[in-house]
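Per-chain residue numbering starts at 1, and chain names A, B and C are given in the order in which the chains are listed.
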Amino acid sequence: MERVERLMPAKIAAVAAALLFAAACGGGAPEGGNAAAGGELDPADAPENLTIWVMGSAQEPLNDFLQNEVGGQFQETYPDTEITVEWIPWDGYADQFQTALAAGEGPDIVEIGNDQNALWASSGALTDITELVGAWDETPNLNPEMLEYAAYDGVQYGVPWYGGVRTLWYRADWLRELGYEPPETWADVEEVAEAIEAEYDVPGFGAPSRFQNGLWSLIWSTGGELAVQNEDGSWEGQIDSPEAVEAFEWWASLTESEISPQSYVGENELIPLADMANGQLGMYIDGSWAIGQMEEQNDEFIEDLAPGVIPGRDGMAPAMAGGSNLSVWANSASPEFAFEFITLLNNQENAARWSELAGFFPAYPALLEDERYQTDPMLAAGARQMTDVRFPPNTPNWAYATQDLDLFHVASLRIAEGEDAATVLGEVNAELTEALNRPIE
Amino acid sequence: MTPRLMRRLRSVGLYAAGAAVFVFAVFPVYWMVATALKPQSEIFAPTPTLVPQAPTLEHFERVLSGVLIPGTSFWSFLTNSLIVTLGSVAVASVFALLAAVAVARFRFRLRTAFVVLLLIIQMVPMEAIIISLFLNFRQLELSTGLELIGNLSSVLIVYIAVSLPITIMFLRGFVAAVPRELEEAAAIDGAGHWTVFWRVLFPLVAPGMVAASIFAFITAWNEFIVAFVFLQTNSESYTLPVSLSYYFGRTGTEWGPIMAASTLLTIPVMAFFLFVQRRMVSGLTMGAVKG
Amino acid sequence: MANRANTANTADTASTGADRAGAEPRRGGPERPAASHRSRRERPSSSRRRFRYGPYLLILPSLAVLCVVLVWPIIQMVWISLHSYTLRHLNSGSPEWNSFAHYVSILSDGYFWRVFANTIAVTAIMVVLTMVLGTLVGLLLHKLPRWFSTIVAVGLMLAWATPVLTASFVYRWMFWTERGLVNYLLQVLPDWLVGSGWDDYNWFIDAASLFTILILIVVWQSFPFVAVSVLAGLKSIPHEMYEAARVDGAGPWRSFWSVTFPMLRPLFALILILQIIWDFRVFTQLFVLANGFQNRDVFLLSYYSYQQGFAATPANYGMGSAIAVIMTVLVLVITAYHIRMMIRQGELR
């Protein structure tokens, strides 16, 4: 359910700023610079099949792009290799990864959420591709921070594929009629939501309680932190701070004051997504990629939807720097050819196409220079949001704390059900600290 | 109140209770089909409609056209389900018949141990051994090179094993009921063991095998967790229940397609069930346990 | 288990001695005609020798499959539960003996005991409701005229035949927070009867409300089996027995306890055991209702074991197996009496 909830390590605060700077300095590589390793590989050795696991639900255009376009390009050089694309739902994907890993099966190429890289690298699921990445001529053009976050323990396990941030989806037609700009502060959200409800008789804003990395944004917007690492390498949770308490309280207050429906308690963004698609909701926060899913469910109102930045306490909130890497699965029988496919799929031309189709941002700073990221209203808000992004702690235990123990939802749910926020967060923060310090075998 | 009026009231009460039970049992199934036939807007309407106002097959078309998992289709899932279901029923019936003959017709040293084993094994929940079964199959795959995980063969063999104990116990009663004199008469006429088995015993227990296979059929057709664990890495090998759970995971709240897919999964087993229900009951209560 | 098998085996060996010819006397049948004895003696000896291994050859296919799929994994399960064994051990290093560490940590964990207690409570409620409802419906079917009882029975078949996964989806949809039928009906009903605020009530968060749906699904799917079995049993009771009870002045309640129940006691015992086994292992329904492994409040033992073994990161096979061992022991203890009865009652002859 965490769809694009992945992170990059915490050292650098503003990827997007870096993206833009890097874009200004670095010259883009020639397009189609994908053949670097290709010269060394003999097409006669190519495997009969390469399988790629992509996260999310199969949307026809995306699947078509991977399967036919990129697959077709690959077959120009390696005509005997068939490309198989499989879509893995975020729900319960860990079962499937682990089953495949244990059974010695699985794909050749796999999409790994950037905040899951440490987890799967430490589980032995990914191939060390340090040398291959070093030899690839596009590597210097990739965003260096994103590249670094695809490494764990000094070993490169992935190549950044795309970045993504959450945005505020709103009904542009309604806001226009009511004379509002998209809200950027919490107070504005409440005001606009109430106006929508009064006028159109649908809930103004959707605040599902399972809203993990959206909650991180809210905490950051109040000046709070998630966790800090001590000198000795141990971790300490920070979500019992007054700033974090304020963020959780505001989110829960939206349900309590009936701005957001009670029925979203216990749910993730998929529920407001469906309501938004069906014209039953005014605003909610979700990734830029959500538009494709909404269109699949119901395209009646799709023209009226527009994205804005994530509202913070006093203005735009920092977003979690989401995104995915492309990695070579540990059990791949032909890792060189798998990487060869990655270099093709993630060359600048294909990376740009993919980002456009899927509603993401490419991992090449040069591509972000493209004019459309400023002028296209569907992209501009995300591009602006990309200028303020943050990263959660870079440890395999972060996935344990947020996935297995689901601590942010446990806290958010209890507060939404009326418990005292400070008490709840005191308890949950203790659990968070303990989870982050769990020994890594 | 006259006794006659009381009898009237009593019989009206019985009918009403019977009708209530009927509605309780049937309604969810009805609601599944009704939802599957409603257009999206009607499913999302604030006031639910009991009967679809504008019935449509769009959800069925979407499920059947198979855009869910690229490279696969409803028909491939159906084929997989049929393979594991019919395959496990056929193999389990044959194996069980052989074992039933052994248990019902012979005394041998390990006979009692074998029957006790069957009894105990029936009690062990499959859900408990799924982890070690998975690791066991993994080991088997590594050491022999057999294709098990992500392949229908793993599920097939598990379904055979799961339905064996109950099928053996059931068939054993049938075999025991065949008069030994018939076999002996055939043997006097010079028939070999195989001929006796095939010509005399088999025709007499064949109806029992049909009855016994019902249980195996329904177990295999409906089974989810084993198939989910062993097949999830390879979407080409999904059985219908696995594909259905996948559909659910993908769409979450698109109830129209989910209900349409559920209906499609339910129809075959329901038809089969109604067809054989009498035998089912006697199979479970008499055969399975009383032998 | 080994013990019991051994004793039974000794007894069996003894009786085998009495009938060394290798064939069993027919159960309860007439004496074997002498002719058959003769005919067997006249068989060529080669055939007899071949036949001594016959029964083993006959059970071999079944035994082989059962060993691979059930027996060996059960032994393995115990072994795994005694070792530190996670996903990481699969690829590097071998599992290490950890001197019961999994059991120590589980049994001293309040969370485990909560799951344990929930499992027992939920199973007990399911079993009791299924038995009571099933029996009542069985009695009702017996009282109804044939044509009507056939209609109702066909309805019961539909509930019974619905695949578990499908049933779970349908109930999830009926109880769904938005546009779910149940919330709509509760909202429409007068507030003094059912309270208010149902229109957006979420059934799937709290353990109590989620378990309510779980129990409902399981009872809905299991009571038809009980009802139809009881009906079959009732038909086998001679009518005169009820007549006699009525002459003695017994009402329906008393005649149930003095005639029906004693007559059907073995049937009830059997159904009860089957229900316990079936309800104890409930997994798929919970898998659909909880929709993932994140809501730890609603775990039952089988779910907890699966979560540890497959969904936890990294997968902890040792811990998952320890929970599975506890679960298996529990089932065997509950059914031990039944197994013993079956062994005693000539099940083995």
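Everything that follows uses one rule, which is that a contact is a pair of C-beta atoms (placed from the backbone, for glycine too) under 8 Å apart; a residue touches a chain by one contact, two chains touch by 3 or more.
Everything quoted here is computed from the prediction, not taken from an experiment.
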Category of the chain touch graph - line, ring, star, complete, other: complete
From chain C, the most remote chain by mean C-alpha position: A
Centre-to-centre distance between chain C and chain B (centres being mean Cα positions), rounded to whole Å: 15
Between chain A and chain C, centroid-to-centroid distance (C-alpha), Å: 44
For chain A paired with chain B, centre-to-centre distance based on mean C-alpha positions, whole Å: 41
Chain B residues counted as touching two or more neighbouring chains: 44, 134-135, 138, 229, 253
Residues of chain C engaged with two or more neighbouring chains: 90, 178, 310
Residue list for chain A, restricted to those that touch at least two other chains: 91-92, 95, 99, 102, 271
Chain A to chain B touching residues, read off their complex: 57-58, 60, 63, 67, 84-87, 89, 91-92, 95-96, 99-100, 102-106, 270-271, 274, 278, 280, 297-298
Chain B-facing residues of chain C, complex: 1, 4-5, 8-9, 11-13, 15-16, 19, 22-24, 26-27, 29, 32-33, 35-36, 39-40, 43, 47, 51, 54-56, 58-59, 61-63, 65-66, 68-74, 76-77, 80, 90, 137, 140-141, 143-144, 148-149, 151-167, 169-171, 173-174, 176, 178-179, 181, 184, 220, 224-225, 228-229, 232, 267, 270-271, 274, 277, 280-281, 283-284, 287-288, 302, 305-306, 309-310, 317, 320-321, 324-325, 327-328, 331-332, 335, 339, 342-343, 347-348
Contact set on chain B toward chain A in their complex: 40, 44, 67-71, 134-135, 138, 141-142, 149-150, 229, 232-235, 246, 249-254
Residues of chain A touching chain C in the complex: 1, 91-92, 94-95, 98-99, 101-102, 119, 123-124, 210, 261-263, 265-267, 271, 275, 330, 396, 399-400, 403-406, 409, 413, 441
List of chain C residues in touch with chain A within their complex: 86-88, 90-92, 177-178, 197, 200-202, 204-205, 291-296, 310-315
